[in-house]
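The same chain A turns up in both complexes below, where it pairs with chain B and then with chain C.
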Partner chain A sequence: MSFRWSRTAAIARKEVFHVLRDPFTLGLALGLPVFMVLLFGFAIEFNVKNVHLAVFDADHTRTSRQVIDTFGSSGYFIIDRVPSPEGAFHALSGDHDRAALIIPGDFQKNLYAGRTAQAQLLLDGSDNSTVGPIISYIGSIQTLAGRRIAGFDPPEPVHFKSRFLFNSELNSRWFVIPGLAVVVMAILAVLLTALAVAREWENGSMELLLSTPVQPLEIIVGKLAPYAALGIAALAFVYLMSRTVFAVPFRGSLLVYGVGCLLFLGAYLAQGLLISVLTRNQLVAMQVAIMTGLIPANLLSGFVFPIESMPAFFQYLTMIMPVRWLTVIARESYLKGATFTEMWEPFAALTILCVVMVLLATRKFKTDLEP
Partner chain B sequence: MNEAPAVAVANLTVKFGDFTAVDDISFTVRRGEVFGFLGANGAGKTTTIRVLCGLLVPTAGRVTVGGVGFDTGEMAIKRKVGYMSQRFTLYNDMTVAENLAFIASLRKLPRETFLKRRDYLLGFISFNRPLDSYVRDLPGGIKQQVSLAASMLHDPEIVFLDEPTAGVTPAARARFWALIRELAGQGKTIFVTTHYMDEAEQCDRIALMRTGRIVALDTPVQLKRQVFPGPLYALDPRGKIDFARLQQLGHDPEIEYFEPYGLRFHAAFRDSPAAERLRAGLEGEFHVQPIAPTLEDVFIRLVEGNGP
Partner chain C sequence: MMGTLAGFLGKEMKQALRDPRMRILLFLAPIVQLILFGVAISNDVKNIRLFVQFDSADIVLQHVSERALASRWFLPANADRNSDPFELLRAGKIDAAVIPPPGGLTRAIARGDADLQLLVNATNVLQAQSVDSYLRNIVTRVVQEDMKLEPLEAPIRFDTRVLYNATLETSYFMVPGVMAMLMIINTMILTSMSITREKEMGTFEMLISAPVTVSEVVFGKTIPYMVLGMATLPLILGVAVIGFNVPMRGSLLMITIASLAFVCTAVAIGTLISTFAQNQQQSMMGGFLFLFPAVLLSGLFFPIENMPIAMKWMAYVDPVTHYLALLRNIMLKGGELDFALQRIGILTLMALVTGYISFKRFHTTLQ
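== the complex of A and B ==
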């Protein structure tokens, strides 16, 4: 028997009815991309700014004030004066201040005596997401303060001049938002597909479909097409938001990026299908989809947490996750303008994963359906 | 074609791994017949129906449905039959019109044919609600009838109904069976499974399945005669009967069948002389009344009991 588009279209149409009439599916499909963009685009700040700095100044001299001013005018710190060194320590124990600067009474005296003026900086080690950025600011603030106090640029035997390529201001949104499309598509494709197909098993309607001369492949394509369209719509939404609202540059080829996204979508739709065939139950399908789709997409894709700093086991584990490869393709396309040949590795990986997943899922689905 | 049986099954066996669900059964169903399929859960009824609908390939044996067999492919069978399952009937979040249109497009009915069939069938079941009513808002009985209409959209010769009346009211069941009789009158073959004995009585012939085998197959009247050749009595206790006495009666070689039936007991005797001999002794404890066997007696004896 041959594949019929009319039957496939009928199944797809029916699926659209289900999506439009189920508040949960519709809410997830429309709400998730918007929510993720708002969350990662506006609410979560990866560039640490406005760090509260508790300052105890025992010196009360021009030099100490210059040092404090340098911190204050950097834009990264808000100065909170404390009356004693113990006060600085207490300020750190609370969750208001993240760092404390203690300037001893002999600060300026040491400087004038030709010794190095030393001050103590205390950092809240319990919060390592802010400590890293703060330390990176200290170096330049120290140089700047030295220059101000000395009144001239001291000679440096060696000087590294750093310049950040591709993202010159190290804007974290430029880094995060290209990866956002990946996470949104992963969640939609796996979760909604797994639920939609599991629902047909669970309520027995798969039997009704099969009692008609419909082909397994027609069921697969018809059931998945609406979710593929939803995934593409979410992708387009995130792309438009990234370009307009967040002004992230897109330097690569849209075609190359699009091909990557389609390979990715294919792999995840197939994964959703496989989950539903194996579980045949909406509740279990949802849990498995969250475990294998949603959580790895957020944690193991390199979207937020760098893969390079994961333990070796997880670094290898991420290799079988399409999210990792598309995150690479997204960033390289957006920021570096990488070409297809430059990204052959993630593309090869994504193609293999997609083909394997589609074969696995359709094979399993067909053997379960064929009489 | 008119002479050929609607369904012919010869030595059908279905195995799932080591488990034999259907064990070498053979039967035929005539055209225009209402054929009842009875048996405990797990007896192999649904498995047999799934084979006959082309949903399952038999392990062994020959099956012909509406003149076609598996040698022409299961799709040919699927075109010949209508199927209404017990578990799922229609999509609740779609309207009656949408559900019927969906089934029609799966079966690739031309639009004109579909609309004609739809209106005819909805008239047949006396559906008098708006076509855009959501299925979830329909009462169970109406939903069942619309589902029957859905399974008949492509005008199949044979309709398989797997426990079609599970969970609907008695009035809706009666109405549904009137429709079934009417379809049979029009020459359709109806193959139905049920747990209700009053429904089984309305079948032309019934087959009783037990652990994958057909243990009896005949008209309801013949089945009762076959299974209970001797007289059957209802024993109504006059007072309290102790358990040892009941056990003694149950093991009496002259009593072939002794089962509780509500507060009473049904007892079948080997033959009339045996009944006469024992009746006098029983009169002291029971109010004894000769009765005609019901299908429930037949069912209990053949399917749940040890059988003759």
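== the complex of A and C ==
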């Protein structure tokens, strides 16, 4: 018996009804991308502002007030006065403040005597999202305070100028949102597919389907098609949001980006199918899908954490993960406008992974069905 | 009542742990994630391919290049000296390039008009910023040394000390975060999926006709997952402390109480989700719809201080925010008592409110 599109379409129609009848799943499948894009778009800003700074001033002089004022007017800090040095420590250990400035009593005296006036700055090292940026601000605040208070302007033998290519304003959203499409597709493709197919095994309806004249391949294609459509819809949505609401530039070709996404979708749908065949149980399928699909998409794709910073083993491991390659394609397409030939490497890798995954999944699916 | 409940608990435990694959996954998943968070990922800048265009006469720039490559941050670019740095960056062969003024940096400094340009690929914003400030530092120091300039003592200096994590180990930050994530995934999603499974299989109707009260059903279905959640605490705490050397400076009792409050909240949320969901797929999606914002807004990846006001409020009603703050405070700072009491209080309140709502909804479903 050969492959027939009519039978495949029938399975697909059944699966579409299944999804449509269930407005909850549909709403979630479409709502999740909306939600995530808004969340990421609005919540993410790596340039920290409004850091609470506990200040203890034992000097009470014009100079010490000017130092505090330099911190306050930098826009990065909110000043909270504390009554004692112990109060400053307490503010840090009780999570009231992220940093503490302690100005000793001889601050102005030292400055006027021509010595270096030292103040102590304590940072809360338990929170990585703030401590890194704060450290980078301190140097410039120190220079600024020196210039404003003591008129200290050291000569600069070299004018160091930086140009930030592809994202000249260092906009955090431009960095995060292109990678977001990958994460959203990964959730929809692997998780939903794995669960939808595992449910058929769990309910025993897979055996029923197989006893009909429908071919295994037709079942696969029919079952996966609606989820592929959902994935593509989510992708289109993320693209539109990124362009309209967040004004992220798209400098490459939509065709190239689209091909990359389809290859990725193929690989991840096949992975979802493979998981469901291997587990045949929704709870286990979910756990495996999270471990092999979702977590890599978030952590090992280069979405936020750079792959170059990983230990060598993990750098190699990410090579067999479709998420890594699609993240490259997405970022290069959006920000650099890279062409197909410039990105031959990620495309080749993605193609190989897609073919291998589809072969594995269909082989496993078929052998499991042999009596 | 206790007898029925005990029977229920036994059944539920058996069911959760019957599948050997599930047993492995329940304990393997936390370890894998801890390793990923503790070892694999970091925001450190490493292995940036740096291209410096200098000729042999340009001693200062040569020293800059040597100094940069001596650190773990940079790798030498594999490119011809005369190639166009823009093209190299576009093609992705290098990540950053230093371009000297015409005639070389050494001579330009002597002339007094040295403009040094850095080109950096800013598709990764965080990396680009770090590369900029790091290279700036190197250039300042090298020029000072090579030109034999007197290092000028700044009139005002901040003596900066990082408390609680002096060397800024990434694992110290990340491991408490992944602990919070694991605790909520294992408890919330499993609870809601196990309850909806009863609905899906039709065994829920059987429960209603059986001589058990609603509270017996609710507690019987939820307590096992609280126990499971609490059982993962020593496991992940052990891996965190022994495997990753994350300090545990506070009291075990405090962390246990905090975790219990959090696990109860998670289980209550799971139960609430299950009252809305008709099948396991729905309850899983519902779980994710909660989990994603909960983890993202918790302050693990992005600072809460920066969020718009509406999102700040969302972060404050997010149990993960409070549990993460508690874990970091207890493990790294030794646990400040008023802070811990306040946050545990908030978590307990959340557990009670969500528990009450889900109990009410559960009641109506059962009637």
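Definition applied: the second predicted complex is superposed on the first by the 351 of 371 C-alpha atoms of A that agree within 3 Å, B and C clash if a C-alpha of one lies under 4 Å from a C-alpha of the other, contacts with A are read in each partner's own complex, and residues count from 1 in each chain.
Simple rule for what comes next: a residue touches a chain if its C-beta (ideal position, glycine included) is under 8 Å from a C-beta of that chain, and two chains touch if they have at least 3 such contacts.
Here the structure is a predicted model, which means the values were calculated and not measured.
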Checklist entry - After lining up the shared chain so the two structures overlap, which partner does A:Tyr112 touch, if you call chain B first and chain C second: first, second, both or neither? => result neither
Next on the checklist: On the A-aligned overlay, A:Trp344 touches which partner chain: chain B = first, chain C = second, or both, or neither?
Outcome noted: neither
Checklist outcome for this item: The answer to whether chain B or chain C touches more of chain A is C
Checklist entry - Touching A:Phe3 in the superposition: chain B (first), chain C (second), both, neither? => result neither
Next on the checklist: Touch test for A:Gln142: chain B only (first), chain C only (second), both, or neither?
Outcome noted: second
Item to check | First, second, both or neither for A:Thr212, with chain B first and chain C second | outcome: first
Checklist entry - Is A:Lys49 touching the first partner chain B, the second partner chain C, both, or neither of them? => result second
Checklist entry - Given the touch rule stated above, what does A:Asp22 touch, chain B (first), chain C (second), both, or neither? => result both
Checklist outcome for this item: Going through chain A, the residues touched by chain B and also by chain C turn out to be 22
Item to check | Residues of chain B touching chain A in the complex | outcome: 50, 53-57, 73-75, 78-79, 81, 83, 85, 87-88, 91, 93-94, 98, 102-103, 105-108
Checklist entry - In the complex formed with chain A, which residues of chain C make contact? => result 19, 21-22, 25-26, 29, 32-33, 36-37, 39-48, 86, 89-92, 105, 109, 114-130, 132-133, 135-136, 139-140, 143, 147, 149, 152-166, 168, 170, 172-174, 185, 189-190, 193-194, 197, 276-282, 284-286, 288-289, 292-293, 296-297, 299-303, 305-308, 311, 325, 328-329, 332-334, 336, 338-339
Next on the checklist: If we count contacts the way the header does, which residues on chain A are in touch with chain C in the complex?
Outcome noted: 22, 24-25, 28-29, 31-32, 35-36, 39-40, 42-52, 67, 90, 92-95, 98, 101, 111, 116-132, 135-136, 138-139, 141-143, 145-146, 149-150, 152, 154, 157-168, 170-172, 174-175, 187, 191-192, 195-196, 199, 279, 281-284, 286-288, 290-291, 295, 299-300, 304-306, 308-311, 314, 331-332, 335-336, 338, 342
Item to check | Partner chain B, residues of chain A touching it in the complex | outcome: 1, 4, 6-7, 9-11, 13-14, 17-18, 21-22, 203-205, 207-214, 371
